[in-house]
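Lettered A, B, C, D, E and F in written order, each chain numbered from 1.
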């Protein structure tokens, strides 16, 4: 047996992905699943190739001392109370995004985690993708100088052909274009810009195509950000487009720029300024199956657990900051004015 | 002799481009040049391969009845009074962008032109480029459906290596990043979105690279626009980047999207939604020398003149709208709040 | 249970493809298979994952009132009598190409179908491929204007390495290069040109490579077509080549051309005439497995059945026209003179 | 002075190309020009950078014993009588294509040349292009085996934007689509297939676009050829298309195929049959200016002259064969039946 | 049952590959496996889908008269004595590379094989890859003329992520960079150059990266070769690089060159000398899974067995020559001076 | 007038290139030319667009105090005595490669320059190319770690079609393949490896193609180098190939590799190790005319002169080291044994 036993909360599509990724780490395995539906333990075990206990009562699962970590894969509106209960039970936490649908719930979760002194891993797994590990390293090695303008955008048409559509269209489940999907882009932008946001302004709109009519909230938004040190950024979240999935990144710095997998840098001698150089990364929007950010992220989380440390890049503290900006952006779009953080 | 004689006001780099393009049309030629410097008529004529009279006094040139059109190629801060004088003298007008550095001057120009009933052509020549003629036709044939979100951006590092840098860095000559260079992108965005702007919000910042330190105004800005019908748009203007020149266009519509020279459309049967189709356009940022938007634009202007009509796409009326949005954006960046048009 | 039960006639390679595609539709499933060989019902059911009754006597299968549709997957020389029997039994029909090996058989089939008032679906499934759905939409949206010259060709070396080779080489089974394989190209040409054929002329020849010596008919033919309205077309069918599989399409119209997945159109503004634009289609010759024309076609057939209508694009009426042209072309090649339809 | 003096007949665009190419050879120069227009000898000499005598009377030029070769660059309807006169005067001959507009004129020319025992070079210069020298060598080295089916086609929209359009549209000047332009493709097909043509059938039509309405003959034709040894070929000539210029070549042989600049050959070990190999040739349709077939051809002609031999590939004998096929094809299109050669 | 029964010696990763490839031939199957570990016959049989007898005593397996061939897949230091034993037992031999770790062992093996008159197949399977079959055919058809300089190199970072690393790092198992891995490149070089080597000089070094510190021998070497007829070659073997796997080939001949999958040849008419032509081969370093040199090689071996002949390209005689050069190169690197063969 | 006057020694092709590049710098111009042929000062001045004095007596030119720098563009065998004379005359020196044809001459030049305390610039201008400035910066920023194996090679067929061929084929002018042409590659290798060479071994051979028969020395050589710190390198110099010009570079380091314009680096986060990243450099072998290493180099030389310093990268000291290695390599090839430096 590996060191950490994990219990899953919620048993939908994302839970399946978590179980596979957790079992693929070197130091953890899934041993329990809680679902509000009645599950067949034998079937669940067979499907994932290991022995899994099934719970229909969350309290019971949390009361089991052999479970060290829980992974919260339920609907967003259930996250807050489940996270708090798990923290109180002393479980370390993996939490799917979005953390919560409003700032109040988020603060309550942070409070509970702080009190319980448990460790956390939030599923902003794009930070652990080949693409953003490379982009971050490129920035950190100084190839772009100081980045003063950045764009990271999310273009992905989420219509009836996409599983998530069923519940994601509801205001009280999806929340907003940015919260339900574009959050990955905004979180990646904050990773790349690395600083405190001062103010955001956001505008939102909808496609005229009937296929997206079921959405209870605007499906396209564009947000601009001003950082406290004067630098600026922008994030578009478009889930009502009809086009190839596109995770657009453009960073402009004092020594060069990066556009998706291309870059120019004045720090590398005589590079041709009129033609981009190219980094061979596994792109988030390329469908390259050989990059598994979930697994990389969970491995990092369990490794940090072993060392008794907060994990880098995607702890609750980091992720909460991104959520605050998202909440502010959505408020700006609703109220039609800039919002200060 | 061709039908229209043109006098040029100002004799810098842009004047040379105007003269060549005007002389290449089928119905006009340059016969006069006014400059505040003393010019040698023989030299000027030789350089452009035709007989050109040289004026050191603008009034005299405007008083010449053989001149039917003037082309204003002077510094932006001189445009207003020169345009007004030329209009009063009954000359039709070609005017370089930006039209003016503030709304008051712009209104005065519009008034004078209206009174004099002269025709106008403003140098937003990108509307006449192969790229935007194709993009416009693509929208007009319905391949994208109704566009509800659009981005057109301008990325072009304008440093000491670029002629314009000498005067463009001054607040009272360049005006702003958007006004001095990004205006082409914003104007193209308005062409593609085709509607009335309601509100804009803009944030601005600067590069940390010393090479751009001479600029008296922020060299990077990002502006978001809300149209009266609820659709939204965005325009970044970045003249302090170090990268290949990039005129970025991304339009999201109800039946497809267009990204630079790529597109997807649900109206063309079974196109692969996971891979862009591609239009072979001569891109503004490709340095393709076989596309001459100046000449195409001037030809359209002189053809409209022959028919006694306002030219399409780039008359003063159209161009003034783009300037109003730019002025509003720059005000928003300065004042830190949204500006309503 | 879904609405329509289908019985398969003949149990070779193509039957397997039909069963998978039929079972993948939303409203039909295969419940019976007839074969002249003795089959093991349990094995057949297991292989296709559903309960299938096995018949060794066609009459018995046709007598079963629970079977609504039969799919004819037998050798071409058996099609005619089986189709007639099935029609008489009131079964709707899916028929593999070629429909028949001569005009007389074809007419008898048409007669029987007409009398029985059953609906039909002929396996010219290329019309339902991503490639030709896109090409047809491109024509229908007017991007090419009126097409006055068209080529669609079939280059595919069918030697001993290819399953079909075993029986396809026989005159009384394969029929001709055009009938056994190139028919898809000729049918697609007629789809694109959309008109009545007046005359055809065809020349035929053979490769000198011994690997193709077993063929009892010429393995390469080229056919030219004149339409009643004066437009012309051409179709090469080459099954004795040694090269990558190539489904060549070139359409020349009054507003542009289409070459495979490339096109030029004067209707899209300033497109560069010297470089092709490109449609990202899943090409028939690319081996792209994510395009399943069989399934798309059968779905359309069953949907039409539900509405009591003839299916579009590939009903017997349409397909018979393509066969008439093929028979005429083969006669022309044999007799050495043009053949009028 | 180099060895051969050349007199040019006719002084249009093609004459200019001949003069440059002849002067660039190592053993000939242009010393005389005949034109029905009055020319200024000084101007002509200056333009071509050498001393050229100007004639307004063809007889006088032909009477000059210092002229060894004449190059016939006049309108096609003048070729026959001028070639006969020049042959009678003992001049060797360069003759632009088409040689003549009918078989009678062609035979008369052949007769005269034979009698006069002069040497000839006909401007089917594509045979001397990098592309067809490479294709021929590829065939000759056996990489394709025996070619049993070949296509060479000519797609080039010749409208008002093209110089030749002015006179080419006339029946008595252009002749036919094949004769005026597509002849290069048909001649190249004969080069590649290398055999005696037995019969041809041709169909012809026209574009619906008004821009081509001035043509007095069908602007699109497709011709199929049967060779005496049973092999077959096809040539489309399309001068009313709107697309990139395309000189399409597809050769199918017993050991491989060649498609434009791509090929597959079973003679080169384990080449991947599913992907074309690629020959880097300067393509006729690529606009690659570093390939000069005129000069290569004329050099070969003068080199053959020095050795007292007929030139290879493009002597009158070879070229006459191609013309016979063209005349037969045009007759087939007119009469609506196959024509035997 | 197919004709030849094969017994495998050693049961590691490479044995699995041999078993699959042998079973895929048309005339042989694996019926026995010897391992120093105790194996479970049922498990082994199940894994490979056929009945396999398991031996823990090599003598017993060699004594079985139903085994016709043995395949030696053990550690390199065991090859010699096992090969000799098997030869004495009258078994034909498949032998993994390297044959031996020193010249003495190699000579002993050759002696034993010669005496026993058994046939041999050495796993220099790259000679049977699509890539080198094509390169060899290209040379043999004269497209390169006479090759006077050749390079074939092996760049493949073999670190802890690679299975072989576990034992390959030991001096007495891996031997040297060239012997353990680069031997494929050197063997391919000898295939292409085709001649007797006179002298070699080799230099060797190591990476500074700690990940390779476990190696007991220099991990990078470069060897130059002089052939008896004066021609020269070079082979780098680099197993401590961090880069894409690269099997670099550059051959320079009197009529052209070949670089990886690119070539230029003066024998193919007017090919563009400034741009490489390209052969579409399945490259050894491309990870193209549709090329199986093991299977091709073993098929050739068993076919030769049926005909009572030595197999072409990779018999012991050929392979021994390559080993002699490798031993000489390693000696040169150790002793710091040229070594004569 | 700019600050430095330059006199040119020798007036062939390379002198023309020097004059243009020197005149394009910001602080120098060519004012004198010495040639052993009688030159026409007016013609020379006209050709280069400035006033140039012509000398037929070298002493006189060197005696002119207004000349500050001389550029030695004569035949290699004249370099030594001319450089010594110029140094004695107190002139700073630009010297074309090769510096000398033997070590004795080289030492004499070094001595004279040292005594005269003049500054030097040797035409190893590849060090100043976009390509090697970028490669050097890539190494210097640590992207490759420590380079332990490097190859830089020169493949360029120098036959009768190439100007230099006329004299380069002579032993006493060209010297060797490495000295006359490959020296650029060897010099670039030393730049990249940056260390002291301990020993070299070189093998040499010739093409069988008659076109290269005139060469008095072996036209292909391959040299391997061992550095004092144990690292190794290799340089092939091939001037008898028939292929595209290729300046091949492959550097293997402890953190990555560089291959021509491609690289992989472990220092940039999650880059895909199986696919090269790409630097957009202007390659020496691409014929990209927008990179002018001569001018960049001369500018750096004159800038260093202004500051009273030795120029970086290509002073006589640096260049002499490269020559010593070349002389040693050529000696090794001649004597058939390693040569220690």
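The criterion applied here is as follows: a residue touches a chain if its C-beta (ideal position, glycine included) is under 8 Å from a C-beta of that chain, and two chains touch if they have at least 3 such contacts.
Protein names from UniProt, one per chain: A, B, C, D, E, F = Oxidoreductase domain protein.
A quick note: this is a predicted structure, and the numbers were derived from the prediction, not measured.
With steps allowed only between chains in touch, the distance from subunit A (Oxidoreductase domain protein) over to subunit E (Oxidoreductase domain protein) comes to 2. For subunit C (Oxidoreductase domain protein), the chain whose average C-alpha position is most distant is F.
Residue numbering shows that subunit E (Oxidoreductase domain protein) and subunit F (Oxidoreductase domain protein) use the same positions for more than half of their mutual interface. If each chain is reduced to the centroid of its CA atoms, subunit A (Oxidoreductase domain protein) and subunit B (Oxidoreductase domain protein) end up 41 Å from each other. Each chain gets a centre from the mean of its Cα atoms; for subunit B (Oxidoreductase domain protein) and subunit C (Oxidoreductase domain protein), those two points are 54 Å apart. Between the Cα centres of subunit D (Oxidoreductase domain protein) and subunit F (Oxidoreductase domain protein) there is a gap of 48 Å.
Residues of subunit E (Oxidoreductase domain protein) in contact with at least two other chains: 264, 275-276. Chain contact topology: the protein chains form a single closed ring, every chain touching exactly two others. Around the ring, the chains sit in the order B, C, D, E, F, A, counting from subunit B (Oxidoreductase domain protein) and moving first to subunit C (Oxidoreductase domain protein).
Against subunit A (Oxidoreductase domain protein), in their complex, subunit F (Oxidoreductase domain protein) makes its touches with residues 129-131, 133-138, 141, 143, 264, 267-272, 275-282, 291.
The part of subunit C (Oxidoreductase domain protein) that touches subunit D (Oxidoreductase domain protein) in the complex is made up of residues 145-146, 148-149, 151, 155, 199, 201, 203-209, 220, 222, 224-226, 230-232, 234, 236, 238, 240-246, 248, 250, 252-257, 259, 264, 266, 273-276, 287, 336-338.
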